[in-house]
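Per-chain residue numbering starts at 1, and chain names A, B, C and D are given in the order in which the chains are listed.
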Amino acid sequence: MPTQNPVFIPGPTNIPDRLRKACDMATIDHRSPDFRAIFEPAIAGVKKVLGTRTGEIILFPATGTGGWEAAISNTLSPGETVLAARHGMFSHRWIDMCTRHGLDMQVIEAPWGAGVPVAAYAEALTADTGHRIKAVLVTHNETATGVRSDIAAVRRALDAAKHPALLLVDGVSSIGSMPFEMDAWGVDIAIAGSQKGFMLPAGLSILGISQKAIAAMEAAKLPRTFFDFRDMLASYKTGGYPYTPPVGLINGLATSVEMLMEEGLDNVYARHARIAEGVRRAVAAWGLKPCAQSPDLYSETVTAIVVPQGFNGTDIVTHAARTYQVAFGVGLGQVAGKVFRIGHLGMLTDVLMLSGIATAEMAMADLGLPVKLGSGVAAAQDFYRSNGGAARVAAE
Amino acid sequence: MPTQNPVFIPGPTNIPDRLRKACDMATIDHRSPDFRAIFEPAIAGVKKVLGTRTGEIILFPATGTGGWEAAISNTLSPGETVLAARHGMFSHRWIDMCTRHGLDMQVIEAPWGAGVPVAAYAEALTADTGHRIKAVLVTHNETATGVRSDIAAVRRALDAAKHPALLLVDGVSSIGSMPFEMDAWGVDIAIAGSQKGFMLPAGLSILGISQKAIAAMEAAKLPRTFFDFRDMLASYKTGGYPYTPPVGLINGLATSVEMLMEEGLDNVYARHARIAEGVRRAVAAWGLKPCAQSPDLYSETVTAIVVPQGFNGTDIVTHAARTYQVAFGVGLGQVAGKVFRIGHLGMLTDVLMLSGIATAEMAMADLGLPVKLGSGVAAAQDFYRSNGGAARVAAE
Amino acid sequence: MPTQNPVFIPGPTNIPDRLRKACDMATIDHRSPDFRAIFEPAIAGVKKVLGTRTGEIILFPATGTGGWEAAISNTLSPGETVLAARHGMFSHRWIDMCTRHGLDMQVIEAPWGAGVPVAAYAEALTADTGHRIKAVLVTHNETATGVRSDIAAVRRALDAAKHPALLLVDGVSSIGSMPFEMDAWGVDIAIAGSQKGFMLPAGLSILGISQKAIAAMEAAKLPRTFFDFRDMLASYKTGGYPYTPPVGLINGLATSVEMLMEEGLDNVYARHARIAEGVRRAVAAWGLKPCAQSPDLYSETVTAIVVPQGFNGTDIVTHAARTYQVAFGVGLGQVAGKVFRIGHLGMLTDVLMLSGIATAEMAMADLGLPVKLGSGVAAAQDFYRSNGGAARVAAE
Amino acid sequence: MPTQNPVFIPGPTNIPDRLRKACDMATIDHRSPDFRAIFEPAIAGVKKVLGTRTGEIILFPATGTGGWEAAISNTLSPGETVLAARHGMFSHRWIDMCTRHGLDMQVIEAPWGAGVPVAAYAEALTADTGHRIKAVLVTHNETATGVRSDIAAVRRALDAAKHPALLLVDGVSSIGSMPFEMDAWGVDIAIAGSQKGFMLPAGLSILGISQKAIAAMEAAKLPRTFFDFRDMLASYKTGGYPYTPPVGLINGLATSVEMLMEEGLDNVYARHARIAEGVRRAVAAWGLKPCAQSPDLYSETVTAIVVPQGFNGTDIVTHAARTYQVAFGVGLGQVAGKVFRIGHLGMLTDVLMLSGIATAEMAMADLGLPVKLGSGVAAAQDFYRSNGGAARVAAE
């Protein structure tokens, strides 16, 4: 029997019914005004979520990986230098992609569990008086480690060094769930995906691009057609697409931003923060620690939990899937086996989160980890209540 | 934001995706062979769920209440005597309906929380040497109190008294979730509804009728057309309906029985029993008691929980709905305010049930009930584990 | 391969996507304010469609047949006299139901193809100086013959005779597709179904009841519980239901009336009239005639077409279904074999209607009827164009 | 009111209900065996549709344009020579893409309406004794002109010249609707899209790649990561994906191939051919001609119809959309305004096609084209009947 249990992977998220219905559309002519009536509100809404008034939005029928490729291929030329930090699987993969595209990578290694090393970035930028570095990459939320980095600080480092490099930010697992301020932070390209904070199926790579990035577009020599900003921006002017757009997903996106606006972005962020804190209280009650090195780094969308010596995080995930039909995330790369991950983003409630915490508890207990049943649940309940139930009773 | 939390009311249940899709059909001609291809497997499957080989199945586009009315109006005439027990809201309503239809009700009052009083039934039947009693009503599962009654025992009482009365059984909230043996128990009419064990939306009243009930049909003088067995049985012979059938719901029913058979009825019953026992362990951990008077009466589909003196069960339900967006059931009739009810039937998993238990815990704590957060969850986890996770690890 | 061809039966109609999605709902607690937020707009919208400000609306989880039974059992007592005309299968069935419920039927036989015989009604009412007649039945749109009757004229006959009988009207296949004025026509009970003009699946019986009908309710002695207006009206006052309502269908109804209002009822009626007239032009081009005796009787929702001597209408329907996977309606009762029916109600467009006309043409030609391919289509195209395309070009 | 009219654009096609439901999935963990159970049958089915036993299948979350880019970037290096013909918008765009990727294009210009110029290809290949040409591009079905090209003949030309160039074929608007024999024709890369013969929403680029193409993969120097075959093939070995796959679409694809196999590929092709021939008969009845220069070139999925002097094909499309809510395709590039296009692929029936023909007729008549209403419909009906209805009656 299909269980219909929620998933607790760090994306794709559980999809709200309303979005499933929005995506499930009869075919319309994508060259007609009917399409424009879907597309334009989607674009307008995404701007609000990204925090940009001056940037443009481009939607590719692709994934976050496609977004990375679009970002670099539209702004850079082979041999150019790019500054990046490797501190998790996703920052690692983006660096790998750049290398494969012939870029000259200046990589700062950082511990998996640390944020982007802003001081080291600042140093590198200051040292680069010749402005060889053309772009700086930052992974806003390292999905592999549950670490949030400080984009505003990187911007300050660039500004302090008076460095003209483009700031390219992977916000795939943060945008729509955690505050993101593209304009305020001076982000040149922000990359999001449909399957995280937007609560949709995978299949849309969502990019915000600054006017500065657009200005860099013509000179960029990396070859691209499918991912070419120029074709997209030209087509968008007439409400169209250079190829067949995924109309249903775009309708889903229009509806997703409508839902986010109805709830209020601040409320969405607060909900994510509350649910995440409940998870962290549970982790503490279990006597375990997040992979993220310090509280300022805690991601509000995913928590990577370090398992005790002698245990394997992947076993917990496998066991939970097989025994309880609940999906958590395994550790990746350097932290494979050392952590397991609880995703807590998108369409989630305190109540559903408690079922995830309870399941993690059972799975760990089954495998012999010294975790007391109910302990994490109680810690989370206590937090959720004091931010909800008890307060309401007091007010009644 | 719609929460997509599961509901924990004693029906309608959460609807599995597969059934939602089965119900959501384009229109077909209900007089065509396409309809028959849907209808016939639905009927065949329902027979298995009801445990009948010799009976017929009739599906009315109605609810359980309509099923009660169909049962009595097709077998009885005004002024005839019917034996029934009142021990909960649903047995009460059926009695009320009979009275309104001019039947002469011989009612045995029993405590709300007790099962059907078999001894009193036996006594009444034995005393009725003139066979004035034409039908005996039993509510298999009193949804208001979470009490299961012993149908086989009522049959034994009838047989011991050599009494020819028809045995009419309301199995609305038991059939499909708890063992039901229409033929073995000598049930003459069994009444089910689409929205409980069949996990569908409300809208189908599902009846199993014995050959003895069919034999009584012609003599029955209560007026009926919409609910007339005769029109139904005549139409069914040609694969049709006397009026427009709800095709999508019937397709849902065909798919529902397919799902139940795929899981295996015994496994379905075992799952319900396991989930229910977890709830009862939680109740015990909270220091509370079920409304059902003794363990042999415990329903596997709903638990009515007696709240401590000084508290109101309805408040718990209202608070959980408002604060946590989770639906439980209120107490009805005699037990209004005195109990609240947790439904645990249909498409449910251990994992989802834990979220319900955790929510009940928070709601009670919010309202000042002396309930320790995590205590019920831990008790249920412990039970679910020992019947699942721990066993699997041992086997691995 | 499922063809996804539209159906051209006189109901259930093709269901618009938006309504399929509205019906396809996750379970909510039907005792919660969430239900009320669905139910109340549905009721308010139905009032507009029925044309009543002073009446009440009741929704039964049933079909049109259930609506008939509710209408009579809530207003009449066994042995009371009811005036009705038999001029088609559906008026016949309602009369049959009344007889089975012990009512004393004063039946006026009329040709199948005629409307309700207003003069004969007037005569009967005038003759009934003792007001023995308690109710007058009218089938607004005889689905079997494609005949519309004049409700306002029946009201005038009642008023002229100063007769207090209730006016009960079956509007199942007219309401929502053809003008209906409950208050203006003095209708006491109007009966509609979800699966016709409301474009929904079958499963809701929709009744409008006047204050006069409500006043008759208490005295009515026909037994009923499932269909009891009293329970419904009492529950509605608290936003609830006396039993489990079909929430998804009611949500569909709320959305259906929203769609009807968005299009505008007058536009909906004009669309039905235009599509129907196209069908009639096609019928004329084929050299055939409608069953309806005169143009004032033509139904805008279904056309019953008389087949030439030597041919059988049922064969056409069977052949079209088997060969072209298109559903038309067979003749029923007295006109079985003599007609076949094209339904043209609900969600339909000129364009889809043309595919139905083209299919009927092919099916008739296949079976040897002297019908020229393309002839009916051309006649309908010509009409649809002059009411659409050509006019638009002129205006451009 | 949303019309729910079918679309007659040459893709995306109308989506069968079954596929819409297959795509509309709750989120599952794409790293779990549940995903593999979806993915593997999809791949196996696509192999059958492509006609390959020895090739591999890769699915990108992209569109046909992405497929083109994947094909060239995985097999070619900057500066290498590619042979191609320009005879329509889509062959033109692929050439343009190659140029932008730094390939040295050897382009043969051919009339828009002609097929791929096999003789000129043969000549070029024979002349290329140094095997400078690394790849030959062929657009199997030019969607812009409704022209089918002869892939087998191109293969024969390659073989006759003993030329080792890779044969890359755009089968986006043919595969799944017209016979395609990847192995028999020696196709090295075949490119399909979800939104054409597979009847799904846009969003999947479907590639068949031969072992020879795989062998070329390592040497290819065009940069790519999102579209890298190597990452895909490596991940597929473990049932996984290098990034988040669009699970719902892949489930749709698995179901699509299931539907195609149930109908039988030969029957699917015959259905497309029959429906297309009906359209061409209609075109002839209107006194018009297809853009395709000769019958051997006629596409079975789209017909581009040349409009008479003094009329503009785009006006017909615009008018049909505005007035009748029916979508046809406009002319593109060189044939913009000179043609309009009727798509007839995917989930279509004779019956639905007749509504498209009837609408085109009305739109042309509205705009003053000398087209007799009903004429095209009659010609198509006559053809459809003789291949369906009349034959069946004879057999009965």
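In the analysis below, a contact is a pair of C-beta atoms (placed from the backbone, for glycine too) under 8 Å apart; a residue touches a chain by one contact, two chains touch by 3 or more.
Everything numeric here is computed off the predicted structure, so don't read it as measured data.
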Comparing B-C against A-C, which pair counts more contacting C-beta pairs? B-C
Measuring between Cα centroids, which chain is at the maximum distance from subunit B? D
With chain centres defined as C-alpha means, what is the inter-centre distance between subunit B and subunit C in Å? 35
Distance from subunit B to subunit A - Cα centre to Cα centre, in angstrom: 45
How many angstrom lie between the centres of subunit A and subunit C, each centre taken as the mean Cα position? 53
Give me the residue numbers in subunit C that touch at least two other chains, ranges are fine. 4, 14, 17, 24-26
Which bits of subunit B are touching subunit D when the two form their complex? 17, 21, 24-26
Write out the stretch or stretches of subunit A touching subunit B in their complex. 1-5, 14, 16-18, 259, 262-263, 319, 322-326, 347, 349-352, 354-355, 358-359, 361-363, 365-368, 372-375, 377-379, 381-382, 384-385, 388-390, 392-393
Subunit D residues touching subunit A in their complex are 4, 7, 9, 11-15, 20, 23-32, 61-66, 68-69, 73, 78, 96-97, 100-102, 193, 195, 201-203, 222-228, 242-249, 321, 327, 330
